[in-house]
Amino acid sequence: MNIWELIGIWFAALLTFAVFSFLYRDNPVYKWAEHLFVGVSAALGVYAALEQSIVPSVREALAFPGVFKFITWIAVFLGALILFKLEALATYLPNLTFLSRYPIAFVTGMGVGLTLVNVVNGYLFPQTQATFLPLFNIQGADWLTLLNNWIIVLGVVFALMYFFFSAQYKGKLGAVLQVGITFLMVAFGAMFGYTVMARLSLLIGRIYFLLHDWLHII
Amino acid sequence: MFRAPVWLVFIVGLFMASAFFIPVDPFPMMQTWALKWDVIISAFALAVGIDSLVMHHIRRVQRRQNVLYSGTLLVGFWVTIAWGAFAWWRYGGPFATRSTFLWLFRYIVVPMDATMFSLLAFFIASAAYRAFRARNFSSSLLLLSAGIVMLGRVPFGDWAAAPIFVAFALLLAFYFLRVFRQYEGWGRSTRMVVGILFLAVGIILLWPIGMGGQLFPAFRFVVHSVPHLASWIMEVPQMAARRGIDLGISLGSLAFALRVLVGIERGYMR
Amino acid sequence: MRFLYLLTTIDRRIIYGLVFLATTLPFLFKKSPSVQITPEVEKVYRFIDKLPPGSRIVLSADYGPSSMPEIQPMLYGICKHAFSRGHKVYLLTHWNYQGLIAGQDGIMSAVRDFNEEIKKGKHPERTDTLLEGTDYVSWGFRPGGMAVMLLLNSDIRMAFSRDVRGQLLDSLPAMQGFRNLRDLGTVENPRGILIGLEAGFTGDVWVIYGQAQGRYPMALGSTAVVTPSYYTYLEAGQIIGILGGLKGAAEYEQLAGFKGQASIGMLSQSIVHILVVVLIFLGNLGFFLARRK
Amino acid sequence: MTGILAFCILTQPPELAPAQNLMVGVRSDGYWVLWEPSMTDSLILRYEVFRDGELIGRAEIGEYEFLDKGASGVHTYMVRAVGGPRYIKEIEVWGMKLPLLAWQEGGYADTRPVSVEPLAGLAVSHRWQGFGFSGYRLEWGFRPQGFVEVIRDGETIITLPPGSQSFTDASAVVGKKGYMIRDATTGQEIIPNIRARWEAVHFGGLTLSWNLPGQEGFTLMRSAEAREQDMRTVDHMPPEPVAQVTGQESGFVDRMASREMIALLRSRSPMNIYRYYLVSGDGSKVYFSEPVRPQAFNFMKLPVLIMDILFACVFFGFLFMARRGRPMFIRKIAGLEELDNAVGRSTEMGRPIVYVPGIGTIADIESIASLTILKHVAKKAAEYETPVIMPNFDPMVTAAAKEVIKEAYTEAGRPDLYNEDNVFYVSSQQFAFAGAVSGLIVRERPGATFLIGYYAAESLVIAEAGYSVGAIQVAGTASVLQTPFFLAACDYVLIGEEEYAASAYLSHNALQMATLKAEDVFKATFVSAIIVLSLLVSLGISFIFLS
């Protein structure tokens, strides 16, 4: 436990109480800590980008033999075009900022192409096929599986029909919205209950840090 | 001026989609290389994001607006940059395991980020207290499933579940039986029936607790059923509704991808 | 009646204080309750337990500091369990430096504790301590998310030619014969497993793009916020199990037989959860009694 | 010790046996000669490979293959096993006498020559069927302790690991349903639940047909060359026998290749290039075929292509109809009156309105939908002369919001009311934005707050502030994870896609209407597909779009 770690732990405890003070009211100490956090994490992001991706990509670009090296250099050049979007360059060369659109277009095209195909192959078909469940004459299965199958099929059907906007759900058809909202409410309630534990774990992590690392009580 | 990038999106998008269907020679290799290009280009995109943040705060300091806060941000930023350069030279990489640069991450970023999110634990408790009122049928369902899932997932929660639900049932029974007289016809009878129903549930749940205080087998059955009920709610109704919602959202993302491919949607080009 | 009205409008700062106390006091009792094991966690534990020794466990640490309290115990537990079964552990991340450092810290602490156990003679079958490069490898981070996952399906070295320390992957003994994620086998005859430790959307991308094409066995450990959305994949058979939130980590620790950070936190979880539900009841108590019509 | 060693070696019979079942495989880089060790392998010193009578190479001890690099065309191969009786030789090492085993090059034994030539006229066709039968799926409810044997018509076809509860019999024939499940440990036998599995696109398998002179039977063999996506060959599988066949054959289906081909087409695992060989009965002639590549188009993924094309047609159809102004019906979202009476009540209280568009960028659909709803709210606020305050997360959204509000005020006939600095950029950091907005709400004490757009963990911080000042809160977000918090803290919530429907209903924008209608068409198809196919599965026929 050298001196640097000791200072670090005390500074972390100070920052933790600064943020907790926001619970009472928005105060200058919280604002100061907030801005320090934003500045430091932005700079860490710079190094993450440099050290983990730009430098290795360029190093790999040189390592590949012959034509592959040439292809990788095109990618690095296309990537560098984005830098024209930087404010420093944009102020001096305003008419070149349009160049940064091409790399963004390439990355967007990649994302769009993969989404068009993989959403259908990875989500729409498998999830719909998983909902074709037997509703009666299941030999050997207990009543719970039968009940579950009914609830899953009805749940998916009514959740989908709740978000169906081309039919006017008047009168009798209003029941569809009622049943749909029931399924959604049970789902949202479960999600809420589930998330309470998540946020609490974060608080428990901080209290564990305060008691264990800072005060050495536990 | 918009023409070329929109065509580039169309060509690259169509190629990536068609490469999925064609397993023969040139396409898989070209797809692998396109993915490699994607990795290199998105590395550069990170730089632009950070630049806009730093420039914004430099302008605010120049215009004398909250100098202390923007100043702290810039000082924090440039100190980290300097420390990172030193660490890179000294340890061969800012994130090398022994590098002192990690001090900044461990003792500034981690505590701030974690504590910021942990505030939500307080807000969730107060929001749940103030807003989870059984105003109508759907909000009481929301409340019931949240309560069961919350109590079902923690070790002592199931022991505490029975007394809480008894109190809740008796409260609702008391309310409905007191209020049903102020309604007429159909409304009155339903409220009376619901009131009696809650009363019955309250008493039935009370019976195992009240049996002489020792852990009567019936009480243990009620207690152990709460966690199973909680995981059942998560695995069946929640999963079904979630699948319905996500099917809708993935259709939405399919439509959005189509609009971007064809160039109707150009938001990303700003 | 005034007391009833007071019940419905407790000031939020009092509630904050109650939550703070309900979280802090249980720590002082130092007693961690036994957690009930749910099937989705047990499936993951049994799967890793039944893998032949020397199989490959690939961990994708896609989480930041704000999800460390929930996911770090999972990473720690899985690493210790894998090392005790003689498996090799590989670490990568899609969340730039955050996931990298969090994952690195997690695996380092697991290795340090496991080596101490070896020195104390708790693992008779192992004489030498764990070495980076032979027992575990950290590939680090590459941007691109989806692109990296698809590259890993065809050739790992195309995405990660060097590990975090800058060593060439081919020079590491653990990487011999490990060409791509398909070497993890399939669910029927597994030779390893990919476990995504997720705090955001990357988990869905892993399943929809990575697993759908690679068909390797996959499990997801995630923060409790994101876990509900993975049940659809579990039911459709695209993943074999889920570790949900701190409770999932505590269950895994209990199955693996050691008391980690997750188990200690469970007592506070119970107290605060009960406090929240009691608060909901108090809110409704005042609300209903005060309501005339 | 040397005595015993000597005794067992020298008593070996001297004559040598030739190498066994010589086989020649063809690879992209040449001919691959393979053989199995001869009966007297312990006496063999090395194997020599001859092509058309002249020596081209030798294989050391323990190697039973040789690659004739770059060879092609018609050749005859022969392998000679060279060896001889062994004897013990004493050698002098540093003054010590050490026994050494040595061979006399006594003799050799040749195999029968094997001639290799391309197999003209081998036709390979990929048989695809729409709505093909792909086997029976067996399910049984009880959880077996031990191994499970699946018995069809009396004979066990497979033994499954303990605990398995379902199995798909891909080699089943339509109509033959004589299945029985036996638990190996308890011996309990039950009839499983049988469902026929039909696939939208079924791969019937690789069918081969060829025509060779001569009557005697041939052995059909197959070798595969696994090639990774970057064309580097990963590994070679030596030719292995598939079936005994006659000289003339048409329509022979190779089942094993079909199963591996399906695995390839389903998940693009390493691409296997198959090659077929016909080896004559006595092993003297080998005919090899051209490499059988997967087809250019992966029909197994055809349903994905059909779904994409259908979706594009429906979407662009609605788009053109909307662009030409055809009225399209979108049901009124219950929340829309809530928007109006929230503005109304805020005016009665004489307090401003706060509109928070969330932390999405201009490229997010939710921010664009939020701007449309903002226009409706701003127009209503202009009529009631209530100021609208709008803190922003993204600079681009701020610029767009300024224009939207200006238009709304001019359309409501009150351009003078528009106040430039009511719409301002706050910060691009999630929690800094949340802290600033909740501070603003507590200071301004608005009558109504609108939280519509993309939200993440900070949703509750802002909603909590709005609740504490008693404002009427209307929220709308498609990010499902935040909807429970909005439901807890707000008066009315647009759930999931209701946000898009509301913006389409309010703006009648052709693009948003078309997207909504296209999605509705496919939601209806999925709903009817789920209902119909669930009933079908209950009757025993399960249909799969994409296997």
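We call the chains A, B, C and D, going by the order they appear; numbering starts again at 1 in every chain.
In this text, contacts are C-beta pairs under 8 Å (C-beta built on N, C-alpha and C of every residue); 3 or more make two chains touch, one makes a residue touch a chain.
Please read all numbers here as calculations on a predicted model, not as lab measurements.
Peer 1: Work out which chains are contact partners of both chain A and chain B.
Peer 2: For chain A paired with chain B, the chains in contact with each are C, D, in label order.
Peer 1: Taking each chain's centre as the mean of its C-alpha atoms, give the chain farthest from chain B.
Peer 2: D
Peer 1: So the centre of each chain is just the mean of its C-alpha atoms; given that, what is the distance between chain A and chain C in Å?
Peer 2: Result: the chain centres lie 16 Å from each other.
Peer 1: Between chain C and chain D, what is the separation of their C-alpha centroids in Å?
Peer 2: Each chain reduced to its C-alpha mean, chain C and chain D end up 25 Å apart.
Peer 1: Can you list the residues of chain A that touch 2 or more other chains?
Peer 2: 22-23, 31, 34-35, 38, 44-45, 47-49, 52-53, 110-111, 114, 116-121, 123-124, 126-129, 131, 152-153, 156-157, 160, 163, 184-185, 187-192, 194-197, 200, 202-203, 205-206, in rising order.
Peer 1: By residue number and range, which residues of chain B touch two or more other chains?
Peer 2: Within chain B, residues 17, 20-21, 28, 31-32, 35-36, 38-39, 42-43, 46, 52-53, 93, 95, 105-106, 109-110, 113-114, 116-117, 119-122, 124-126, 128, 130, 132, 139, 142-143, 146-147, 150, 153-154, 234, 238-239, 242-243, 245-248, 251, 254, 258, 268 contact more than one other chain.
Peer 1: For chain C, give me the residues that contact two or more of the other chains.
Peer 2: 12, 16, 19, 23, 66, 68-69, 96-97, 100, 142-143, 147, 150, 154-155, 158, 212, 225, 228-229, 232, 235, 247, 269, 272-273, 276 - these are the residues of chain C that touch more than one other chain.
Peer 1: Looking at the complex, which residues from chain C come into contact with chain B?
Peer 2: It comes out as residues 10, 12, 15-16, 18-20, 23, 33-36, 38-39, 64-66, 68-69, 96-98, 100-101, 104-105, 108, 142-144, 147-148, 150-151, 154-155, 158-159, 164-166, 228-229, 231-232, 234-235, 247, 266-267, 269-285, 287-289, 291-293.
Peer 1: Sort out for me which residues of chain A touch chain C in the complex.
Peer 2: Chain A reaches chain C through residues 23-24, 44-45, 47-49, 52-53, 56, 60, 63, 110-111, 114, 118-119, 121-123, 126-127, 129-130, 152, 187, 190-191, 194-198, 200-208, 211, 217-218.
Peer 1: In the complex of these two chains, what residues of chain B are touching chain D?
Peer 2: 17, 20-25, 28-29, 31-32, 52-53, 56, 116-117, 119-120, 123-124, 126-128, 130-132, 139, 142, 146, 242, 245-249, 251-252, 254-256, 258-259, 264-265, 267-268, 270
Peer 1: What part of chain A is in contact with chain D in the complex they form?
Peer 2: By the definition above, chain A touches chain D via 22, 26, 30-31, 34-35, 38, 116-117, 120-121, 124-126, 128-129, 131-142, 145, 149, 153, 156-157, 160-161, 163-169, 184-185, 188-189, 191-192, 195.
Peer 1: Chain C touches which residues of chain B in the complex?
Peer 2: 28, 31-32, 35-36, 38-39, 42-43, 46, 92-93, 95-97, 102, 105-106, 109-110, 113-114, 116-117, 121-122, 124-126, 128-130, 132-134, 143, 146-147, 150-151, 153-157, 160, 164, 167-168, 171-172, 174-175, 179, 182, 227, 231, 234-235, 238-239, 242-243, 246
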